[in-house]
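Pasting the structures here.
Here chain A shows up in two complexes: once beside chain B, once beside chain C.
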Partner chain A sequence: MSHYQHVKVHRQRALVVLPIVSLSLFFLSWELVVDFGLVPQTLLAPPSAVVKMFFAKLTSTAPDGLLLQEHAWISIKEAFLGYFLALLVGIPLGLAMGWFRLAEGLARPIFEFIRPIPPIAWIPLTIYWFGIGLTGKVFIIWIGGIVPCVINAYAGVRMTNPVFLQMARLYGATSWQMFRTVCIPSALPMVFGALQIALAWCWMNLVGAELLAANGGLGFLIQSGRKLGRPDLVVLGMVTVALTGVIIGLAIDRIEKKLLAGMRR
Partner chain B sequence: MHNIKIACENVSKTFLQKGDTRVDVLKDVSITVRDNEFVVILGPGQCGKTTLLRMIAGFEKPTTGRVLMDGQPVGGPGRDKGFVFQSYMLFAWRTVRGNVEVGLRMRGVPKAERRVISQQYIDMVGLTGFENHYPHQLSGGMKQRVGIARAYCNDPQIMLLDEPFGQLDAQTRLYMEKETERIWLQEKRTVIFVTNNIDEALTLGDRIYTMKDKLPGTLCNCYEVDLPRPRESTDKEFLRLRKQIIEESELVL
Partner chain C sequence: MTSHHIANEIHHVVREKKPFSLVDDLLMSRWFLYSMSVILFLGIWYYVVYIDVFGRGLCYPHEVITEIIRLTSRKLAGKELWEHAWDSSRRVFIGFGIACVLGIPLGFFMGISKYFNAVFNPIFNLIKPMPPISWVSLSILWLGIGEEPKIFIIAIGAFVPLVLNAYNGIRLIDEELYDVVRMAGGSHMKEIWEVSFPAAVPAIFAGLQIALSGAWSCVLAAELVSSRSGLGFVIVQGMNTGKAAMVIAGMLLIALIAYVCSFCISYLERKICPWRRDLSTH
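And then the complex of A and B:
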């Protein structure tokens, strides 16, 4: 018994300590590699420079014209707008495709045709259509975000337990009733999965889009850093992308847990 | 005076598995069930009991032969047939009341009326006070009560029960059998009850059809159980019949 407990404590400690060790080692060696000139300062900024830059950018618009939080806010706004529009279209579409022959027959070919196009490949067209402002990026996020929504919602409906459908038929349910009362609730866990996947996907596409066509946002910050030959700015942009992504992911995780707990699954 | 409610005439069923494997699941099965009769189909695992019940419900069409209800071939599934599933098949996202009301809701019965009807059957199966519980908060026996209430709620003419208590422990099972008998005496219906348990069959059935334990499933014998209810498993006649069925069908257990 005590032996068992000892092992358990040991394991938990490992899970706390090891990440700290690995992160410290990672940043330390990164710092040292740059400080000792193994990698020239012009190619990579050391963590200390990034941290310094981080605090400077909170209050200074130089050299790219906007504060760090302004860039982040632009990116978040674009990502979430595109994301919500993608959910709004993708989830109902996927659900309908899973159940109604008509919807699947009509929408599937177009969907399969658009699906393999990387969202970033839409950039040239969106620049023609919308310029480099918010609309174009929202469009790119939207068209990319639809894909996981449709796939998951479709699969969710398809995975409905057939015995439930037979039972509904026994009660004289119409096709629409079966869709509403059986298929959609059965598909919900898969749909929640899509919320996570789509958001991560939207975030990545956004930064990609901003690298190529933007006048603000974290991707734009990275790109400005490259143009100005400022590795510290580039790395700061990347780190902010990562941190913001992690925070959004955690938030969605929270929300999902709450919602699913509400369903008492 | 005893009308024949359900008749299966030389019913056979062949399934195609994985596209090219033929499985004969039922062969030449003929049964008749009279109005308000409690018929038990007793057979070991994997002999096509569920398949037979599903054909009576109209989920499957017989490959050959006919299934008649009131002299007419059974069409598709419909609310004149109640079905209690072997695995409970409750909606995890609905409360007890929500599950019981499913059929009424699909028929567009107004809420107030729905409440009255569902409450009546929730009380009947003894789940009063659990209306707002979710399935995961219920024990196995309670879950199957929900399944029974749900089927009764649609006021079916026949009730088809597919090993409803197969997943319960012996004690709960015994209790649920008594409950089933009480409910049946209270709300007379034509019942076809599938089981692999001989004591369950003898406790409940007016008549018992036994099935052979090899595919394709065929009928073995039919026994009239002319014992007063409620029955005691220690009753002499009960035990004699039990012995006879075991000997004649080589049924284990």
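And then the complex of A and C:
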């Protein structure tokens, strides 16, 4: 083995070992910091307590009244309702805004007006309008998710290769035909990009909405953990939110790959 | 909104060949459509309030304006409206600043060094999927209800997109750019200074924009959960006293400040990296 190859193998090994070392150091110091009382138990739960809490919450409704799965199911239901409504309205709107001047002229000022308002800011109004049930949260998630959908679909249509459009026009395509057969397919990768961004936004706004107004869901779990002074419950809620978000994100990634198979990116 | 697409130019030409018609012209005039849109929006708003769909949950648009004027001349919890606005902005600026100072270098080093990346990327990947708002509870538990927990949440919320964008900005640099420096005999430091850093700036700016809007969401969430000042507090006050006008006034002011901030960043971006002219879509 030449010297060069030897060095290379050595380096590769370091790159495999280092992440494991850093992760175990992270968890170990987290565990020890709490166990040795550097940080009081009332402020932070060690990872072991979180894992214990996780298994306990799968079968026990104490102390907040619902099982962990039930909380997760409530959150997922709300997030998906809002998410699909956002896709259903946002993507066609963005596509139309990118191509039709009428749609752009009518929708753009309102969109620009609503866009900079953080979705969380709608929470007080939605509590007035819909109470603290499902509808209000779906509305907040919807209004947060619609923004990336519109922006990406709009940008996708705008970035259509002008040569394709010229060619379509040369062959006598009508405006609608060009929109349907050229703009929409070429905007698809951007639209799929929006799916992930919108999902992340929806998931974040969901937690915000549930912190402020809810009687179930993962955000509610976090909030009740704080109110009861139970950091293990808070951390468990945060970890479950993160995990669920990652799983949904991966699922959408898979669907995206399936649907876009054969399309050049 | 200027478009450089050839396609759109042709569009104009084709349209000009149509026989002259006032209605067509109006429907194609952007400013006419924009004003129609605003009028329609306000009209629907007035109508919804008039037929009383949401009861006290919504007020007439002009009431929002009068409410803002009223709030400027009155003290709320010992502070004027501008002081509340400043309180929120200060939290955002401090938290955002901390996130920039920590996040951009971290992402940058993760991008240029494999070993650095191997150490920090796994831990970063643990934090990344947690919505920053979910830190609200933990930060209140840790830091009480003063200024620190709010700044903490904003810093966490802004941190993730900053790291991610700086990292991806470096990773996605065109390899040929490095080859040019190497051909010209540049050292490794030269590569980093002359290529990595400038080439990542547009991505970093995109990260700044995302981080900023995230920061405003976070400050609002923190202030809605617990605070005694800031625009989130104004909104909560409006909610507790049953004044929809005050709630909407708070929302509008936040949107306005957030908009001005993001405008400043895009202005800065145009000054710092003028080579980036495309994608004027938003």
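As a convention for this text, the second predicted complex is superposed on the first by the 243 of 265 C-alpha atoms of A that agree within 3 Å, B and C clash if a C-alpha of one lies under 4 Å from a C-alpha of the other, contacts with A are read in each partner's own complex, and residues count from 1 in each chain.
Note that in this section contacts are C-beta pairs under 8 Å (C-beta built on N, C-alpha and C of every residue); 3 or more make two chains touch, one makes a residue touch a chain.
The structure displayed is predicted, hence computed values, not measured ones.
Undergrad: After the chain A overlay, clash or fit between chain B and chain C?
TA: fit
Undergrad: Using the superposition on chain A described above, determine whether A:Leu43 touches chain B (first), chain C (second), both, or neither.
TA: Once the two structures are laid over each other on A, A:Leu43 reaches chain C alone.
Undergrad: Which partner does A:Thr181 contact after superposing on A: first (chain B), second (chain C), both, neither?
TA: First partner only, chain B.
Undergrad: Once the two structures are placed together by chain A, how many degrees is the angle at chain A between chain B and chain C, based on Cα centres and rounded to a multiple of 10?
TA: Approximately 80 degrees at the chain A centre.
Undergrad: After the superposition on A, what does A:Leu212 contact: first (chain B), second (chain C), both or neither?
TA: Only chain C is touched by A:Leu212; chain B is not.
Undergrad: In the overlaid three-chain picture, which partner chain does A:Met167 touch, first (chain B) or second (chain C), both, or neither?
TA: first
Undergrad: Have a look at where A:Pro109 lands relative to chain B and chain C in the superposition and call it first, second, both or neither.
TA: Second partner only.
Undergrad: Of chain B and chain C, which one contacts the greater number of residues in chain A?
TA: The partner that reaches more residues of chain A in the superposed model: C.
Undergrad: Regarding the shared-chain residue A:Gly65, is it in contact with chain B (first), chain C (second), both, or neither?
TA: neither
Undergrad: Is A:Gly131 in contact with chain B, with chain C, with both, or with neither (first, second, both, neither)?
TA: Neither chain B nor chain C is touched by A:Gly131.
Undergrad: Can you report the least C-alpha distance between chain B and chain C in the superposed arrangement, rounded to whole Å?
TA: Shortest inter-chain C-alpha distance (chain B to chain C): 7 Å.
Undergrad: Could you pull out which residues of chain A sit against chain B in one structure and against chain C in the other?
TA: 166, 169
Undergrad: Where on chain A does chain C make contact in their complex?
TA: Counting only chain A, the residues touching chain C are 11, 14-15, 18-19, 21-23, 26, 42-44, 101-102, 104-110, 113, 116-125, 127-129, 151, 154-155, 158-160, 162, 165-166, 169, 203-208, 211-212, 219, 222-223, 225-226, 229, 231, 234-235, 237-239, 241-243, 245-246, 249.
Undergrad: Touching chain A in the complex: which residues of chain B?
TA: Going by the criterion above, the answer is residues 57, 59, 76-79, 81-83, 85, 87, 89, 91-93, 102-103, 105-107, 134, 136, 154.
Undergrad: Could you list, by residue number, the parts of chain C that touch chain A in their complex?
TA: Of all residues in chain C, those touching chain A are 3, 5-7, 10, 14, 27-28, 30, 32-34, 36-38, 40-41, 54-58, 114-115, 118-123, 126, 129-138, 140-142, 213, 216-217, 220-221, 224-225, 235-236, 238-239, 244, 247-248, 250-252, 254-256, 258-259, 262, 279, 281-282.
Undergrad: Please give the residue numbers of chain A that touch chain B in the complex, ascending.
TA: Those in contact with chain B are residues 161, 163-164, 166-174, 177, 181-182, 185, 188, 263-265.
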